[in-house]
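Next, two complexes with chain A in common: one pairs it with chain B, the other with chain C.
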Partner chain A sequence: MFRLNAEYILLVILTLIMALLPVVGIGWYTLHVLFLFFVYLALANMWNLLAGYSGLVSLGQPAFMGIAGYTLAMLLWFFDTPLYIAIPAACAAATAFAAVLSIPLFRMRGFYFSIGTLLLNEICRVWFNWWRPIPVPGAPVGGGAGFGIRSGLSPISIYYLALAVGIASIILMRFILGSKLGAGLMAIRDNERAAATCGIDIFRCKLYSFLIATFFTGLAACVFYLFQGHIEPTGAFSISWLNVMLMAVIIGGISTEEGPIVGSAIVVLLSQLLPRYAEYSPLILGVLLTLIITFTPPGIIGMMRKTRLYNAMLKYLSKPIT
Partner chain B sequence: MPGEPLLKLESVSIYYGNFCAVKNVSLSVYEGEIVSLIGANGAGKTTVMNAIMGLVHPAKGSIIFEGKRIDKLDTSQIVSLGVSLVPEGRRIFSTLTVYENLMAGAYTPRARAQREQMLKRVYDLFPILQERSKQLAGTLSGGEQQMLAIGRALMSNPKLLLLDEISLGLSPIVTLKLYDAIRRINSEGTTILLVEQNVRQSLKISSRAYILKSGEIVLSGYSKDLKDEEEIKSAYFGV
Partner chain C sequence: MASDDSILDVQRLKKSFGGLVAVRDFSFHLGKGEILGLMGPNGAGKTTVFNLISGVYKPDSGVIKYKGMNIVGLPPHKIRRLGIARTYQIPQPFPRLTVLQNVQIAAMYGGGFSKAESEKRAHEVLDFIGLSDKKDMPAGNLKLLDLKMLELARAIVSNPSVLLVDEVGAGLREAEIPHLVKILKTINEMGVSIMLIEHIPRLVVETVDRLIVMNAGEKIADGKPREVIRDARVIECYLGKEIVEE
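This part shows the complex of A and B:
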């Protein structure tokens, strides 16, 4: 049931502005920052779906990003697969991998699930690192040495891809939260046992959420690797991706729809500002996270939701226009 | 009692690890009845309820609902068959609104089809829930939360409603109100199995009762005959 409201109009206007930016000749640097923002936004939204709405604090999303990235790279490298097949195939490969792993992973709950998923990243990194390079005349490519990714896309087309994926992730979240699955997930998050007695199939709800989040995380990874142009194990399975997702969601506000948007913007800005103070950047990040968790555990949005002005704004924005 | 019972437990035993929580329990609930299961703390009442719902699985024995074995099924499948539980300690979804809580109760496809009707029935039964429908469930009073928990369980339009200690921690006035509502739910055609520590209250409302002591049924019969039985006292205070 779709009802037009100021929120959607705002979303369309902002999207159009973002889409017009390359046309009016904005600088490459700004475009690059915006590109990162949209990739981070998709990653953060999906992590929020897992940790904020499904109670699945998965720390293994980088592993699925790496699997998607590697699948994409290999399809392009070996088979010259067209992108419109290679990208869905890469996301499907990551999702299939997640589906198989969900059998052992879902036997664990809470912290155990988090630790189990965290190990995936390292297992994949070692596994891919040990993959001996396939000799190709001229260059040490393949397996552990990595692949180049030649898509033939212009940077501006890749920017548009990122824009589409980022905006799609916002719409997807709205759609899921309004769906039967979303209602089930929120009930499970509040009280698993009570949810079961309502007839909610807990395993199935969590599995669907896990698979949807993995598919979209893989999609964001594909867009990122198309831009980066190469992939190798240490970067692909790096837990620094986890930093991005966790920080964006926690700083912005977990279990809120707006949180990841605000959080991703902050994380992108930090990632651009902090390298100038390289020796202090871990300190600055650490202090920032500590402050957020100490003073406003529900994040910036959680803090703002306590103010009357913000709630009035939300109410105004979500009022249906007839 | 004529015909087949709606729910039948046949020599059910349930273990938690090595500990036997429920030993060889058999009981039947016939359509249209209110049956109470009485016992002291730790007698295994909640375990029996959880076993019927498929939240724990019995090691021995069988649970039969409408002639079909349900002790191997998942909870969600059992709910679809028409069994619903109001869990001990209410367990409402505190960050969801009252309305969303009720909608979560109508999750199974069978329930979704008739949720508007059921919502009307629940609001009719507990008008306060309609007044508070947009409020977060965590902000309700204890009695209102219990009404919400009962309402949520009713949303799946169950044939058999299981009530686990609904009077726990509530004032006598609220308890009386809830029991009136339960009588009404029963008179509208829902069979009820009730677990209580409050013996007098549950004997008053039920037609039959089973007395559970340390996981075994020590006594059963018509509630009106049980009121003065010494066994009830011994089930509570031990010998």
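This part shows the complex of A and C:
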């Protein structure tokens, strides 16, 4: 399945460098930025799978992240569940939630699907604000159902987790796009009617894609909350997570494999630079997005793919999956 | 008249759009191994018949029996997997995917072949259809005539039992018609029953075993192609149209 080509060698080398950074004593600040990059990368890749390859412009990913985060928090808090069970269970909970919701959501098409999923965030936020789990002595139940998340992991271990999840998301995308499912999704994206006529079960393909993306989005959320150490409804279900996914995918290049990688890097850098100009940051982001959408709809990668140098490089590395 | 050796048996099919009845009380059968022509003036309801058989639309009433089983109400992908493939009059490619990928996907999903086997079959079919020199082009860059051949390639790659071909010859130059006739005959010789919507009389007469003519949603003639074309009612509904001129 995996041919050892220049592309994988490059990925392995970069991964090794990233893995060695904590060992050679790189600063905490840099590690923190890289940590965010890997979390954003996984989120962006999964959003690209949905919006870029499956025609599912889901705006409800923060809800699934929050569900995963809360499940993780509760399993650790109430049951002292070991992490290797708690994390998959949290992702599974988010996926099960998505599976149940897909029944009504998949009846809505296009724009309505987006609005329907967007509402999930607000519904979850309100519900988790109102909800009070069984009071446990010492539980920090204050203004909402806030929870501490104590994993006992060192920050460096959490950095490694993020690195693994980020890199895994790249490999997962390559695997899905090269699979039968990926071919089906791209066909559906290009022409739904023809896809059905070619024997593709549109509902099933989209459902698989939705569930896979939700599971992995939940995984990225778990890593983030392990790092953050606590979860509360306003932050967990905040649409600022949507900003991260949309910006990374749209700036980098939607429906391209490389787009989210470049886009996540830019979004992380912006998130570090912009707070210094806090009052202007919405303006700067707005202008940037408008420029990208107006002038290069397929994002930075779309623009680069038009240049000969970049294509030569791609050809050397390996062929991209369209 | 349906017989035991018919692969497709359609009874009293009806479909209306709003007030317009596009197909009315339409019954016919397609014999095993037969090439059946379907003619009729613009708007007669020919494409609608294909849309009903392939599950794109659900009929208001009527029965469509395929190999003895009523397939009315099945979704398009299931009907395709059962072995009924079609082409679209207005080509429906996957524009961002390559020609090869277009065909390979139909083999994988429509024919249930493995990825590798599908790629092999896609190459063979593109060779056969005459599109292999363009196999790595995005399908969106093809010209209309190539797109029509791509429709055909995508349809036959899954080894269907029934092939519904909607005006694949429209726009062909006179000299290109024999090539198409040969392709259709070869497909038929491999055991595929074919239903062919076509306006070009020469192509129809040379290809089909039997010809049905419909007008305003109804069947007005059914029989040997040369006889049907001479039928007074057929001439009447085509009067002043291309069949007389060409």
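Just so we're on the same page, the second predicted complex is superposed on the first by the 307 of 322 C-alpha atoms of A that agree within 3 Å, B and C clash if a C-alpha of one lies under 4 Å from a C-alpha of the other, contacts with A are read in each partner's own complex, and residues count from 1 in each chain.
By our rule, a contact is a pair of C-beta atoms (placed from the backbone, for glycine too) under 8 Å apart; a residue touches a chain by one contact, two chains touch by 3 or more.
This structure is a prediction, so every number in the text was calculated from the model and none was measured.
Enquirer: After the chain A overlay, clash or fit between chain B and chain C?
Expert: With chain A aligned, chain B runs into chain C, so clash.
Enquirer: Which partner chains sit in contact with A:Ser154 here, chain B, chain C, both or neither? Use first/second/both/neither.
Expert: Touch partners of A:Ser154: none, neither chain B nor chain C.
Enquirer: Give one of first, second, both or neither to describe whether A:Met186 is in contact with chain B, with chain C, with both, or with none.
Expert: both
Enquirer: Does the superposition put A:Thr307 against chain B (first), chain C (second), both, or neither?
Expert: neither
Enquirer: When the two structures are overlaid on chain A, which partner does A:Asp201 contact: first (chain B), second (chain C), both, or neither?
Expert: It touches chain B and chain C both.
Enquirer: Check whether A:Gln228 is in contact with chain B, with chain C, with both or with neither, and answer first, second, both or neither.
Expert: In the superposition, A:Gln228 contacts neither chain B nor chain C.
Enquirer: Give one of first, second, both or neither to describe whether A:Gln272 is in contact with chain B, with chain C, with both, or with none.
Expert: In the superposition, A:Gln272 contacts neither chain B nor chain C.
Enquirer: Across the two complexes, find the residues of chain A that touch chain B and also touch chain C.
Expert: Shared contact residues on chain A: 180, 183-184, 186-187, 189-191, 193-202.
Enquirer: In the complex formed with chain C, which residues of chain A make contact?
Expert: Its residues touching chain C are 180, 183-184, 186-187, 189-191, 193-202, 322.
Enquirer: Show me the residue ranges of chain C that touch chain A in the complex, using the header's touch definition.
Expert: Going by the criterion above, the answer is residues 54, 56, 75-77, 80-81, 85-86, 88, 92-98, 101, 104-106, 108-111, 115, 138, 154, 158.
Enquirer: Going by the contact rule at the top, pick out the chain B residues touching chain A in the complex.
Expert: Against chain A, the touching part of chain B is residues 53, 55, 74-76, 79-80, 84-85, 87, 91-96, 100, 103-105, 107-108, 111-112, 152-153, 155-156.
Enquirer: For the complex, which residues does chain A have touching chain B?
Expert: Where chain A meets chain B, its residues are 180, 183-184, 186-187, 189-191, 193-202.
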